[in-house]
Each structure stands twice: as C-alpha cells, then as structure tokens.
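Across the two complexes that follow, subunit A remains constant while its partner is subunit B and subsequently subunit C.
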Partner chain A sequence: MPKQDSSKTKDNKLTSRRDFLRSAGNYTVASLSGAAMLLSDPKPAKANVTWEEHFQKNYRLMTDEEKQQAIERLETRYTEEYGKPVTVDGSPSMEGVLFGYALNIQKCIGCRRCVKACVAENNQSRGDEQQIEWIRVLRMEKGKFSEADRDQHGYPESFGVQVGGNAYKPAGVVLEGQHYYEPDQVPEKDAFYFPMQCMQCEKPPCVKVCPVRTTYRDPDGIVVIDYNWCIGCRMCIGACPYWARRFNWGEPNLPKEEMNPVTHYLGNRPRMKGVVEKCSFCVQRTRKGRWTACVEVCPVGARKFGNLLDPNSEIRKVLAKKKVFRLRADLNTYPKFFYYMD
Partner chain B sequence: MTCYRFPQTLFGLCLLLFLITTPLHGTENQTDQECFESRDGMSQVKVEEISPGLVNVKCSSTTGGVLWWGDPFAGTIPMGDMDIEADYSTEEAVVKPREPELDKNKMLTICSMACHDGNYVPIPHSKSPRRLKMHLDTVPDALNLKHGKGNIWCLDCHHLVERTKLIDNFGYSISFNQPQKLCGKCHGQVYRSWRDGLHGKRIGMWDKGGKKRWWVCTECHNPHDVEQEERNSGFAQLRPEPAPNLPKGMDNANHERMHHGPHSGGNAHE
Partner chain C sequence: MRFLHFVVDYLKAGFTGGILFWLWMLFLLFFIMLWGYGEYIQIVNGMIVTNLNDQVTWGFYLANFVFMVGVAAAAVTVVFPAYVYKHKELHRVVVLGEMIAIAAVVMCLLFVIAHMGRPDRLWHILPVIGIFNFPHAMLTWDVIVLNGYLLLNIIGGYYYLYTKYSGGEINKSFYLPVVYIAIVWALSIHTVTAFLINTMPARPMWFHSMMPIKFITTAFAAGPSLIIVVFLLVRRFTPMKIADEVFHLLSQIVVWCLGIALFLTMSEIVTELYPSTEHSLGLQYLMFGHNGLDRLVPFFWTALSLMVGSFILLLIPSIRKNLKLLPFICIAAFVGIWIEKGMGLMLPGVIPTPIGEFAEYTPSQIELMVVGGIWAIGFFLLTFMLKGAVAVLQGEVRYRSKTSEPAVSKQQAEAAT
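What follows is the complex of A and B.
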C-alpha cells in the first residue's frame, strides 16, 4: 500500500468545524478581522475549505439550492485534491422504498471480501496509521455440547441448576467472537462467521443521542451522517449496540489513485479528521438502483438486499421463506438488517 | 549468474523471466493483471480500463480475488431463453459466458470435431460409471469425479456427440453458458431458489426491472468435485483477506483465543 503524501499539506489544512472555529477565534483576537485574515492566508488553495463550507447549515435543513451549492463546492475541492473528476451526489431518498438487508450466516465463509470491497467503494482511511473498516467479521466457534458436558459441567457447583452451560462454564459456544482470525483457508471446520455492520435501525440509538442532529434517518431507511456538521463528540459510538460506528482520530489516509470518485454527500465522500462514519448501505449506489459493494462481492451469495416494501423483492422472499432473526431484537431498535439461515 | 556474464545476449531473456516470475498480484489495480471472480483458476478476468480512470474490476492485492466491479456487465451476453418465468423474463438479464473460459485452449472444440462425432468413436451404450481407459491426462478430474456419490458419469451431463455442449434429459444440447438448465435436472430445489434470486448471486441493479448479471452454477461450483471429500460442501475453500490491524500497542490476538471459566483454566484455544 503506497503511503500518500498528504502529510505535506496536513499541518496547513483546516478540515473540521471545530479546528476552524478555534483558529478563526485566534485570528479574530489577533486582528479583529478573522475573515479578512483567513482569506489572505498564503495557504495552498486546494487544501483550504472555503468560508461558505464552514458556515453552511446542517444538510438536513438546507434548501435545495443550498444543497446544490454545498455539493458544487465539494466537487470543486475534491476534484482538485484528488486530481480526477469527482462527483458528489445529493439524491434524496427514493419514493416507496425501504431498504432491507439480509445475511445468510449459514453460507458466510468468513473470507472478509465484503470488508475490503467496502473499503474500495467507500473511501475509508487505510494503512497502518489509521485503518477504518465498516464491516467486521467475527469468527465464532461452533458449539459443542456433549453428554459429558451436560452431566459434569452443565451444573454449576452450588449455584442452582442450569442445563446447557452457565455463566461459569458455558457448555455450548465457549469462545467470544474473534476479529483477528487468519487461517490459510476459510471456512474452517469448527467455525462459523458473523459479519456485523450498521443495521440501519428504525429507532436508531445513535440518532437519539446526537447532540447536533447531524446523523438522522432518511425515509428510505438509511441512517446517514452530514460529516460537515459532526462535532466529533462520539456519543453515537457509545450508543450504538452493534459497534457499527468508526471515528477518524487522525487525518484519513486515502491515496489519490485508490479514491472512488463516484460519491454521495451523505455517503462515501472523503471524510476529515474528527468525524464519525459508518455503513450507509452504499447510498451513492443504492439510490441509483445499484446493489451495494458488499452484496456484489460476496462469493457465496450470502448477502441479499432490496426493497422491503416490494412484496416480490428477494429480501421479502428471504423474510417469507427463511429462518430469520435480528441481532439484539430485545433492544427495540428494529434493525433493517436481518440474519437468516436456510 | 549468466545474466551478468552475457548481458548483451541474455539481458532480454532474463528480463522476460523476471517479468514472468514476478507475482501477478503484487500491486493493486495494475492493468493487464489477472484475477478471479469466484473460483480461482476457473473464473479469470483481466483488469482493463473501460473509461479514463475507471477499471472494470479492482482486485485484492493479497488473494487475487475481484473486490469491486466498475462495470458489472462488462463481458456479458444475454442470458438466453429460459423455460419458466422469473425475474429474468421481465428484466434485462445477462450472464458471463462460460465457453471462452472452459474452452480456452480449444480442447473441447477439437475433441468434438476430431473424434467424438458419434462415428469415429462410437457412442457408448452402457451408462454405468466406469474408469476411463484413455485421456486421463486431458479430462479434468478423470479419476476423481466427486459428483452424484458415484452414480453418474460423464455423459449424464456432457453431450454424446457435441463435446462443446451439455445435454438435457431428452438428448437436446445445452450451452455451457446456461449450466443452470442442466443442473436443475437434479437440483430442482436449489434451481428454484436460484430463480427466485435467493441462492447464488446477482450483481448490477437491485431494483425491479433493473439490469442484472446472473451468476450461473459453474461460476461458483466445480461440477466435477462438488462433494469435496469429507467437507461435503459445494463451495471450495478460499484464502481470506487479511485481518484488521491490531490496536496500537497490542502484539498479538491471543486474548481472543482464551477459553473462559473455572473449568478451562484460561487455556488458549488450539
């Protein structure tokens, strides 16, 4: 993976609202004319985020005209920064569509191709310094519950009766999920695999806690983030029961040649230091009718995606015909991400 | 060594050798690189620039598997007629033709034309599986057919006199590009599930009426070895993509392999 040379411009770059306001404040104190000072700053133009961008409204509250302006600003800046024509899409949610996702945990082989496809599509930070992946795949040990377990260890000593393992000796699955498994070949004999990503909840805890309402749920079911309005408080990360959200602790490393130039304002456009990101069901693709990158790449066809409101869609067929569950349904988050078995 | 001694004469040859022996997947997204879509070695695709700045596929630098399709319909042909109505009847349905992949050295064409035309080599009358007497080196998995638990053999699937075709229950030929018609003869349940879009995969447009590339049976399954010994699974094992980076300051992931509880004594797994 080639190291990118963005570090050269890193120090001069103003990329988060917080940084901007902080330095703007300093300038104001120094010169009592922050704006004029900033505009005459001898920084390279390409590294600068414009005045308008810093003081734009929350995307959710913008008029169509303001949205268009915001998009054009970004397109100009990204095109210059990445040296190729970058498009920023602003498609609103589709009428009559509620996106749903289903994943066959019986089929999943744990090859992590979805993880890497997601990175290729969604412009995450990569490399040793800061690696962000929206999908995690957990390796789970297949449960073993023998008669010996039942008789010898199934009953805790002096702690009451519980068949099938207990808190002290779980007789079924005995390992926590593993993130860092690296066998030569998958699937392994004694394991199954459990991919997790944003569940696009109907009642998203992350949306509840966001103090600036920069993350919100669109009518087609996608929980989106306006990165420009994110203050980096990370409340949403703490609130998410599915470990779906990631934080840009540092300046993201996105090599120019690997950057995907087809972006969406609320999806895979390049992020900046200090903002939260997560799976957006590839909003830049799905609102144009295309399948998500992870659905397309899955070599075993374990991932299904479609419109929950269309009774003939494959996602509805999965819900009708297969054994389906949702992760942590007890939390009443109503995920739109379903797991199933044949 | 010789390279250094005779630079003028052998330089070109050594350069060629170097190029050949350099690993294919060394760098990402290099054009002319070859990677595989689903079955390593049997679903190869070349990385090409389809428009300025856009490649047809992006490949994994570690496993050589395709990770991303710039154009999901590159190199596809129409699926062709299907007997029963499904999504593919009302939408634009395409498939990646299997014939160029399976017949890339023109072996099938030659077999069919040269000998197995029904006259020069007579059509065998017995359909009971038996060990081949010839061609053990040219027929894939000739001694190791793992399909049908020993009850089927070559000509249950391959056409009697047209080696470039498959055969249906009535003796009509089926194209290698439409193996689903053949496999559905026995695997009806899976076939129906595939038709519904549940089994296997499709790429392209998710919406109703959108164009889709359907993946056919032999793109993912090896028909000569679907049982795979004791694994008894239709899908061959793959090399996984690399694990995420360990958190800073963590040397290994041993903590993940601990069994918990008093009876285990905190033993590491494996």
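What follows is the complex of A and C.
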C-alpha cells in the first residue's frame, strides 16, 4: 500500500511538473480574467489561450505571416480541446465577388431546418443554459378580418387617438409575428413565415459603432468579426436594426462530438465567452465556392445565394425578375439580403 | 519632494476622523467587498451571471453609467458661476465640486468596465497599441471626453490644492485656461454620452435630437441636488464654512433645470403618444406596460411624481431657502432623475427589441452587488478626497519644510501673518 501511494505522489509530481513546463512554454495567460479562467479550468494546458493569442493584433492588420501564426495557434488549441483535428481557414475575399442572398417568403414553410443546419455548421453554443441561433423564423399570421378579433373597435391601445379598427388580433410577444411557435406540422394554414438573419448590409451600422473595429466589412461584402479582438461592449447589438447579433453571455457550450472541425477564422471557429457573433454567410463554405448551410438544407428552395457581380448568377436573375424588397430600407443600411415573391 | 509631502499629508488628512467617519468608511468597505466578489464571479463565469440577455443586452450597468456622467458634468454648476460670474462664495468651494466630478467619472469608468464582456481586452481600445475607431465610433468620443474630463478635474483641483498647501500663488495663466476648458468639457461629456445612444435608429425610443439637451437639464438638476447635500454635510461635519448663498444659487439651478427637464419629458410624451406609432412602443411600455408586462410602470410614475413634486416645492421660495428641508427635496429629485434617466431610459430603449419582442428585465444579485459596490467606491473616494481638500483649504494641512528652505519658510511666514 505505501508503495502504491508513493508512486502515486511521484506520478502527480511528474504530471504537475510537465504541466508547469508546458504552460510555461506557452506563457499561458497573464490577464486578470485569463488567470481566473486558468485557475478554474480543468482543460489540458494546450487547450488554453496562450499569451501570444491574448496579445495578438486585430486580424485585419496582421501580416500574412502573423495571420498564419494566429491560425496555427488556434488549430493547436482547438485540436487539443475538441479531441479531433480542427482546421482554421484564413481565405480572404475573392476578386470580383460580392455575395448576396435572396429569400422567397412565398415558399418558406417555417420548418426551421435552416436554423438547425446553421447551428450545426457554425458551432454555436447549444443547450438550455445558452442557446444561440443566428437565424430567427418569425411566424406571421395571415391577414384576415374577423369581427370577433377586433380589439375595442379601435386602435389596440386604449389611450391612442386613432380610430378605425384593426383587422388583426392584439399583438402577441412580437409585434406582427413571433419566433417561438411550436406547431405539430408546418406549414400551418393560417400563417406564413419570415426568416431573418444578418443582412450583411453594405452600410452596416454595427461596423460604424464598433470602437475597436473588430467587426468590419470584407471586400466580398460579408460583415465579419474577429472574435479575438472583440471587447464585448455590445454597441453593435444596440445599433443593429435586424436583431441579428448574439452575445456569448457565458462560456459557449459546444459538445466535442457535435463540433464542426472545418472552420474559418472569421466564421464558425469556436467562440469564447464575452464576444459577439452573427451570421457570416458561412464564410468557411462560400469562399470555397460552396452554398451556405441554410441554402443547402432548405427543402423548398426558398433560399438563393450567389455573386451579385456575376450577371448570370441565380441571385441576379431573382433580382431582375421577381418582386423584391429589403427589410427596413428606410434606414439606408443597404442590406444584401433580399426578400422576394414569385 | 514637496509634492510627496503633499500626497502623504493629504492622505493622512483624508483618513483622519472620528468614530462616525470610520463607521461610514467601514460601511462603504463592506459594499466595496461585495463589488469585488461580484466582479470576480462575473469575470470567471461571464456575463451569464447577470440578468441581461439577447433581448435586453444593455441594462443596469449602463443605466447607472449614463446617470453618473450627468452627475460628473454637473460640477460645472459650481465652477461656472464661480469663474464666469465671479461668484465669491462659490469660488471658495469650487474644489469641492471638482472632487465630486472626479469621484463620479471614476464611477463611470467602473460601470463601463462592468458592462464589458471582455474587460481583459480593454487595451484593444487604447490608441497606438490597440485600435481606436475614431472618429467613427461614438464610444471612442466618449472615451476621450470622459478621460479628458477626469484629467482636467484632477489637474484643476489638485493644482489648486497643492498651491494652497505649499503656500504659493495660483499661476493664473495656467490655472484659468484649465478651468475654462473644463467648463466646456463638462457639457461635452454629457452631450457625447447622449449621442452614444441617440444615434441608433434601431432604437426608436432614443432616436431623437432632444436627447442631449434632456441629458444636460436632468444632469444639472440631479448633479447640484447631490452637491447641495454633500455641501450641507461638509458644513455640518467639518470646520469649512459654506455660505447660505451657495445653497440658494444651487437650488435655483436645480429648480430651473428640473422645470426644463419636465417640459422636455412632456414634449417627448406628446410627440410619441399622439400618433402612437410602433416607434413609441418603448415609451408606452415604460408608462403603461404592454399586455400585462408592466414591471417598469411603477418606477416611471414614482420618478415622475418625485420630479414634479420636488419641482413644485422648490418653486416656493420659502421652502427652497429652508436649508433644513432642502436636502430632502434634493434627495427626492436625485432619486427621481436616477430612475427616469437610468433604468427608465435604458430599458425602454431595448424593450421591445428591433423585431418587436417584449422581454422584462430585473437586475440579478450580481448586478446589484457590482452597482452598489461602485456607488460605495464613489462615496469612499469622495469622502476621502473632500476631507483632504477641506483640511488643505482650511489651512490645517500645509507644507512645513523639514530641511530649512528659506524661500518656503518666508512664504509660510507671509501666509501666517
């Protein structure tokens, strides 16, 4: 027994020394929160944020060499943390490409497969504690007039001065629609559906208000975020008129087996707590010539994606031939996310 | 060397006091410890320990931030009459006003840090080593004006005190420019803070050009209210003499600014509620609730009653000039504005969300601890700074050279006679 005990202690000593050497080699985190994280973290040392990562520059300002180093650091860390080989892509915008998106609200059946596919593809946090989804599908009630639904035979609020009746039921959780619907079957008879996500504005208000330029518009029109540079002030969330941005309130919960190991630095790589994220038009896919996950999964073909600069692209045809509108055009944000009807 | 003496003597004077003083400081220290605990929990676990969420992303921290910026700016209500109108009695207490400003700005900075998801990355916003998105991001303007204001008040206040301490003459060509810049700067901090939130059309409740002037009038009502209370306490607990005239002038500033603020509130309500578009839903939610969600309603009406009540009372000269009643009315006005301009402004801005979702919010215990702690830090700093400042102004603490410096001892002799 004593022998076993002593060997145990020796083992412990060895591992702790190895850990110490390893972490010393990485200059593991020196910041206040970093230190706190380190103290409370059972993760292996390599899975921790290194000193170099903590003090790296904003991604856009890095030289190619620095970008490569940053990417390698992340690959090492993620591979260790998720127990499988993870790649982090750093592909820049392609020449002559401006991505655009069009969504056929006439076809959408509200199945939310896009929402699920997006979460699986883009490594969002999941679970009860913190569930992040980049796509919201609003369930809109179809316009109908029924005498019974009239509210006070006037404007829904009693103190308003307008009169004349309202054809709709009083507003529910959301003004005109809501995104918490749980039907047995879609599409429902009395509803149509209105998916929303980041509109990838050409004049993004979120970019303008970011005090550290961590979110910016890349030349192919995608508004991206350097998660490592974000200070978590949430100005961008305040400025976004489309409610497209999400904040990692706690450490994201991303199970190892569900993690998608094909990532992009500016896209679906795992995030950390305290930073903002949003739809990136699946930059890890689209810069490699693939569809976004939501386009790929849509069972009714309501979602179209393509290069706005290519006159023969499907998206250009949609813009030319369909009845197209953009959301909140009054704000001059110039979204590259179009809605259309046949 | 003399400066070192100043620092030591000032600290000593600031931390000398009777049993009441130490009880007060211990009381504050208790809350400061809670702040430390709250911040620790928040940094380790992330902001998930707050009750903020995807719908309500800005809450208690920023509400207090906005309010305190106003209090900081309001130091100008002491400085301006003293230097521009050469008001003698106010001139004597200018430094005390500056101390209030310093404490308030420190609180502002702490509120911002509490609001940040990644305070460890604060250096990202520093020019040169980080990226300072100036002039595009309104937040960078706020960083400049707030830190600049802190610096101006430290320089102005402590240059004056240090000169008093060492018995020299104020160098007016240095000091006066600092004072005049600080006066204009005070307006800028609150204007910029208003621009920070009213330049976002995504939040219709805030998206109106009245925001800066409303901020300034409410600030110049809440700020002097606090200053009146603090000055009355200084007069009560220290040998410092503050003339009644000071309180009369400050209470006049309170009453008129409060009146204008109420007028602006009324204008806002009429403008929003008459057409009752969807853009007014935030205000409607604040005033009347929405489909049974009415957590803010009692707060709004309490705040409005406090403001209207204190305005009416202060309009009556005999009450306004009654220094026994005045502090209570001031506290009522202060609390009213704190509610109206804090949570009453912040929450209806984010509720409903841009897609129209209503989600109610109450601060979590951690948020309460952190905010309470920051207030305690503010009062702790203020108490210490005021005590030191009063000791210097009263001449209780002054430079006594230990090695004989003839020039200084001569000056001292002059000062003594």
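Annotations for the structure displayed:
By our rule, the second predicted complex is superposed on the first by the 266 of 342 C-alpha atoms of A that agree within 3 Å, B and C clash if a C-alpha of one lies under 4 Å from a C-alpha of the other, contacts with A are read in each partner's own complex, and residues count from 1 in each chain.
The rule is simple: contacts are C-beta pairs under 8 Å (C-beta built on N, C-alpha and C of every residue); 3 or more make two chains touch, one makes a residue touch a chain.
Just so you know, these numbers come straight off a predicted model, no measurement behind them.
In the superposed model, A:R234 makes contact with subunit C only, not with subunit B.
Of the two partner chains placed around the shared chain by superposition, subunit C is the only one that A:N58 touches, whereas subunit B remains out of contact. Contact with subunit B, but none with subunit C, is seen for A:W291 once the two complexes are overlaid on the shared chain. By the touch criterion defined above, A:G274 reaches subunit C but does not reach subunit B. In the superposition on chain A, contact of A:L331 is made with subunit C only, not with subunit B. Applying the stated contact rule after C-alpha superposition, one finds that A:R136 touches each of subunit B and subunit C.
Legend: residue contacts after superposition of the two complexes on their common chain; A:K304 is shown touching subunit B, with no touch to subunit C. By the touch criterion defined above, A:M341 reaches neither subunit B nor subunit C. Residues common to the contacts of subunit A with subunit B and with subunit C across the two structures: 136, 170, 174-176, 178-179. Only residues 40, 43-48, 50, 52-54, 57-58, 115-122, 124-125, 130-133, 136-140, 143, 197, 199-203, 273-276, 278, 281, 284, 288, 291, 350, 352-358 of subunit C touch subunit A when the two sit together in their complex. In the complex of the two chains, the subunit A residues touching subunit C come out as 31-34, 36-37, 40, 54, 58, 61, 129-130, 136, 138, 155, 157, 159-162, 170-176, 178-179, 196, 205, 208-214, 229-235, 237-243, 246-251, 273-276, 331. Those residues of subunit A that touch subunit B in the shared complex are 1, 84-85, 109-113, 115-117, 120-121, 128, 131, 133, 136, 141, 153, 168-170, 174-176, 178-187, 189, 257-258, 261, 286, 289-291, 293, 295-301, 304-307, 310, 312-314, 317-318, 321-322.
Residue ranges on subunit B touching subunit A, taken from their complex, read 28-29, 38, 53, 58, 60-61, 65-69, 72, 196-208, 210, 215, 220, 231, 233, 235, 237-246, 253, 256-264, 269.
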